[in-house]
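The letters A, B and C name the chains in turn, as written, and every chain counts its residues from 1.
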Amino acid sequence: MFRNRRRPRLARVAVAGAAALLAVGIAACSSSSSPSSNTSSSSTPSSTAAAVAGGNATVALPAGVTLNWIWPFIPLTSANEYNTEGFEEYMYRPLYEFGNNGDSVSVNYPLSLANQPTYSDGGKTVTISMKGWKWSNGETVNANDVVFWLNMMEAEKANYYGYTPGLLPDNLASYSATGPDTVVLHLKSAVSSIWFTYNQLAEITPMPEAWDVSSASAAAGSGGCTTDSAKDKWAKCDAVFNFLTTQAKNVKTYATNPVWQVVDGPWKLSSFSTASAGPVTSFVPNPDYSGAPKAKLASFTYYAYTDDTTEYTALKTGQIDVGYIPSADLPPNSGSSVLPSVNPLGSGYNLQPAYQYGIFYMVINFNNPTIGPAFKQLYVRQALQDVVDQPGIDKAVYRGYAYPTSGGVPTQPKSQWVPSVQNENDGQGPYAFSVSTAKSLLTSHGWKEVGGVMTCESAGTASNECGAGVTAGTKLSLTMDYATGVQAFQEEVAVYKSDATQAGIAINLVPQSFNTIIGETTPCSPGPKCTWDILNFGGWNFNGPGFEPTGEPLFETGASSNPGSYTDSNEDKLINETHTSSSISVFDQYATYTAQQLPFIWLPNAYAVQAVNSKLANVTFNPLFTWLPEYWNFTK
Amino acid sequence: MAMEAQAIAATDAELGLELGTAPRGMFRRAWEVFAENKLALAGVAFVVFILLFCFVGPHIYVTNQVDTNLINTLCPPSSSNLLGCDELGYDQLGRLMVGGQTSLEVGLAAAVVSVLFGTLYGAISGFAGGFVDSVMMRVVDAGLSLPSLMVIIILSVIFHPTPTVIIFIIAVFYWFGVARLVRGETLALRNREYVQAVKVIGGRPMRSVIRHIVPNAIGTIIVQGTFAVADSILTLSVLGYLTLGVAPPATDWGSMLSGGLTYIQGGNYWWLIYPPGVLIILTCISFNFIGDALRDAFETRLQRR
Amino acid sequence: MAPRKDNETVIGFLIRRIGQALIVLFLVTVATLGLVHLFPGGPVRALLGDRATPYEIAYYDKLYGFNQSFFVQYLKWVDQLLHGNLGYSAKLNLNVSAEIAQDLPKTIVLVLLGTVVSLLFGIPLGVYQAVKRNSVADYVLTGISFLGYSTPTFFLGIVLVDWFAVDVHIFPPFAPQYTSVASILGDPRALVLPVVTYAFLLYALWSRYMRSSVLDNLVQDYVRTARAKGASERRVIWKHVFRNSLVSIVTLLGLSLPTLVGGAILIEAVFNYPGMGLAFYQAALNVDYQTLLGFTVLATVATILGNLLADVGYAMLDPRVRY
């Protein structure tokens, strides 16, 4: 999902609405399976201490976050990873689960509601067999529940945040339940099994028959959406949608409404409020959960905070069991370990790093009438990247608790998706920080420093000239709109401006509110209205609804989250190849090319330092945001 | 014409107001009262000091306030950095001077703009009276209906907060109060005998406004202006705290304070927190002392009438 | 504030005031809706985030009526308002009235307590300062109250938390974290720091006004008369001067009613006490126009009521103004 800068230091931040993440095959594994480790590679110590059943764990929500949507069929207005992975998924498991109680970023079949899907017919047919788990009202999680979801997607495309025109459900030729526990999907064209599982099937959450109603206390299934079709223009599903949406809009009844009490996950909601401070949400175990492990805690409660300082104060005064330390309050990291050498909270808490499986960047406007042609030159982008002092910013602004972004694939945790080129230069990728390199790149292409600002002197297409479309006299004087609200971010752009100036690139910083910048991120066609130069507002996390770090939502021509209108036919070709091929070398080609081509300018990626009560064991911070409190337990 | 002027002069003299010397006499008396107020004098002294500190200081204590210096982040006070460094390596003392320039400039400019505009608006409204006054005051009421911070936040979110824009944003919320006060003064003054007398004699209305109303309201105007400076500096600091302030590498005391406060629990970085906070407080309090003394000074004069 | 004109009936007075109020309400809401439309990309883009495809943007534009003209949108909103519906915030998934019901009581508690505390100190000390004008005590108290005028609230709040809650655990570091007013009031220790921070600024206001008002009254003819008649100084001050000086305080109290809607934002932010102020700030950042409009209406109504109360109080207290 898209990732905004407002709460960068938290494991749970970032909303990357990756609807269509291309998955790439893993050559090292067999053709149909991808490794899913269920064993908890938990890095919490004290998992050997005697476990105690029961207890209430208190967990801090990131500052400013409020949970406000319970129905898994979530619209764009409410879509963020807190509502999905941090709330809904405790109660309503998705068809396929990703991540584990460790740092895996792969699919997790033991925790999923269905077995591994089988692909046949050259990748045009997908067969899903359900495991037969139970809903808390006695129903079985069966094939009809999947069809119910798919029908709802057909009926209300615009109201599901994961929808991208052309992809699920548009790429389905037909689908049906061929048995009580079997769903068969026929696709319009052949696909890669990895991609389709990771990025398309990942969008499905089976819904119980009890929800297939269009009025309260109607009989389960009477809504008729599960058997609806395009013949009546999905009218029945629309009616069910309206009913369920009305229920979802009534936040006061979340904990009491019988609709929401039908769960198939390990937890049930016991209390809920939309207050922005204090205890806001509590969960208790669902005794009818069919999976394993079963919850050991008696309950856990979320606490909300209005800002980082107050959350940290709560940690310091021992009011919460699981929280994060804002980076301003961390001792500077010497660099040898990812955690501080001195624990500012003392022995009552254990510290853990919490990575987000994503990338950070700023976007440049290729369609800008004056500077767009310059941006289209790779050496100019290289110069812009060369003046990003990622190591310096990591140390100074983020106190050492950050690492560079080096391309389109996240480099933490280490995975098979990362191309070798992204690991060069100590993790900076092909273009390391060097003001002198930036300068010489520009001067060797016909730019000259005039009044401190690089100006194009030799226009033309020869190898020592500025490049096609760049007129003589063009100045590298750029305006960067950046999102206000986070102190560290403001410091980061100040450093960038300072370094860029030394290379002759003038950056004019314009602070804007986050939502104002979002307003500017509509890709624009070249013209007088397309005048922004650089937008700096966040990044992208590959944590739902798709989980494979491919570039389709970001780098493909016309992609919805490609505000700068980057377009490159080779990139498009490589992206499309990863749609259909499961080979790692195909993915590697895409990833390497992207890292070299700099469609965006990469920026440092901060990770959070989480603090866990030393008496609470088996708490981990999966980079995909998959939180599994059913593994947690208190110790003596 | 000459006869008219003579007649007016005669009326003024009867009332103890000299046409040519009214303003000067008023200011002299006001100054006497002002000088009695020790706090106000201390305030003036501090304002002079802070102006020198911010505008002359950087020429004496030269630091680089443009380029970041990531090696030196958060350095404690030492002989090379008298007040230590901030989170990006800038020398803190030098930054206080540069930040002070922005705070003072914005504060003074916002005060001037809001007072000028509010005075004109209020005087015209009060003098016109009737329906025009009613409509104009409804607009002022509308503006005063919203808590000022709300207006400022919305405006800061929409418009890029460069210092110039911030000046106008702050002025926007402040001029309503000035307009209302000046209108009140105008209403009171236009019923005074000498203004009535001018009307009777047949003098032009604008003459009354300029010759009699504005000089007599000027006490209020100056007082409001002084308070406006203090309030504007405070508002700017609030904007900095809400991260709606100026963009780097420019800074102001409020942004410095806000940045420093994020480190309050992470170690003993007192030089990031107390110096900007104390400077804001002392500067505002000085202007407040001055304004208060001015108000006493002008009111005393009024009371003797 | 427009006191009653001579020979105007009570009904006429009320009608005139209501008319004025409606005009103000109109101006304010038009301005707010206009401001919202100044956000680049429009409210829908901000609502949906950058993932929105043109397909979804078109769908939501139609759903929320953003594709209609400003005039039509305004009328629709007015119509909704007249039906008692303050709007629905899609961003928060809450009705605006539910938001207000959740946040307003908390802000009221904070503002009321802060006002009461500041009045308890401000009024008597203001009178004292006026009586002992230009003494050392007067200067010291003036200094203190000016400190209240000049200290940024957030600075004071954070420093107090650091000194009295984190370094030394006398008070908790936040305001009460409960949602019900009863529970909030049941945790007085947690209320001390936020109320003190809020009251510090207000104290300055009351004590200065009281001081200058008493000073004004002390030179009036009726005081001289009372003294000539042989009344003791104390009687003069407390029976005559004080009562008249209260007029300005009452006026100010009435005018400060709107602070209930958004005035305490900094205290709320520092002490983790989400009330109307923080809600408004979030709504502004999120371009949550339904919330912005709803809060604006509330603030305007509060101002109008406040003015009315101020006038009524003024009439009751000032013997020279009689209806």
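Definition applied: contacts are C-beta pairs under 8 Å (C-beta built on N, C-alpha and C of every residue); 3 or more make two chains touch, one makes a residue touch a chain.
The model shown is predicted, which means the values in this text are computed figures rather than measured ones.
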Chain at maximum distance from chain C, centres defined as averaged CA atoms: A
More contacts between chains, B-C or A-B: B-C
Separation of chain A from chain C, taking each centre as the mean of its C-alpha atoms, in whole Å: 41
Where chain A and chain B are represented by their mean Cα positions, the distance between them in whole Å: 48
Rounded Å distance, chain B centre to chain C centre (Cα mean): 22
Residues within chain C bordering two or more other chains: 39, 158, 166, 284-285, 287
Touching two or more other chains - residue numbers and ranges from chain A: 309, 313, 316, 485, 513, 515-516
Residues of chain B whose C-beta touches two or more other chains: 157-158, 258, 261, 264-265
Partner chain A, residues of chain B touching it in the complex: 66-68, 70, 73, 87-89, 157-158, 160-161, 243-245, 247-249, 258-259, 261-267
Complex interface listing, chain A residues touching chain B: 308-309, 312-313, 316, 326, 328-331, 344, 389, 392-393, 395-397, 484-487, 490-491, 493-495, 497-499, 501-502, 509-513, 515-516
Chain C-touching residues of chain A, taken from the complex the two chains share: 1-2, 15, 17, 19, 64, 66, 68-69, 76-79, 157-158, 161, 163-165, 248-249, 251-252, 273-279, 305-307, 309-310, 313-314, 316-317, 485, 513-516, 518-522, 537, 553, 560-561, 563
Of chain C, residues touching chain B in the complex: 20, 23-24, 27-28, 31-32, 35, 38-39, 134, 139, 142-143, 146-147, 149-155, 158-159, 162, 166, 208, 212, 219, 258-259, 261-263, 265-266, 277, 280-281, 284-285, 287, 292, 295-296, 299-300, 303-304, 307
Interface residues, chain B side, partner chain C - complex: 36, 38-39, 134, 138-139, 141-142, 144-147, 149-150, 153-155, 157-158, 230, 234, 237-238, 241-242, 254, 257-258, 261, 264-265, 273, 277, 280-285, 288-289, 292, 295, 299, 303
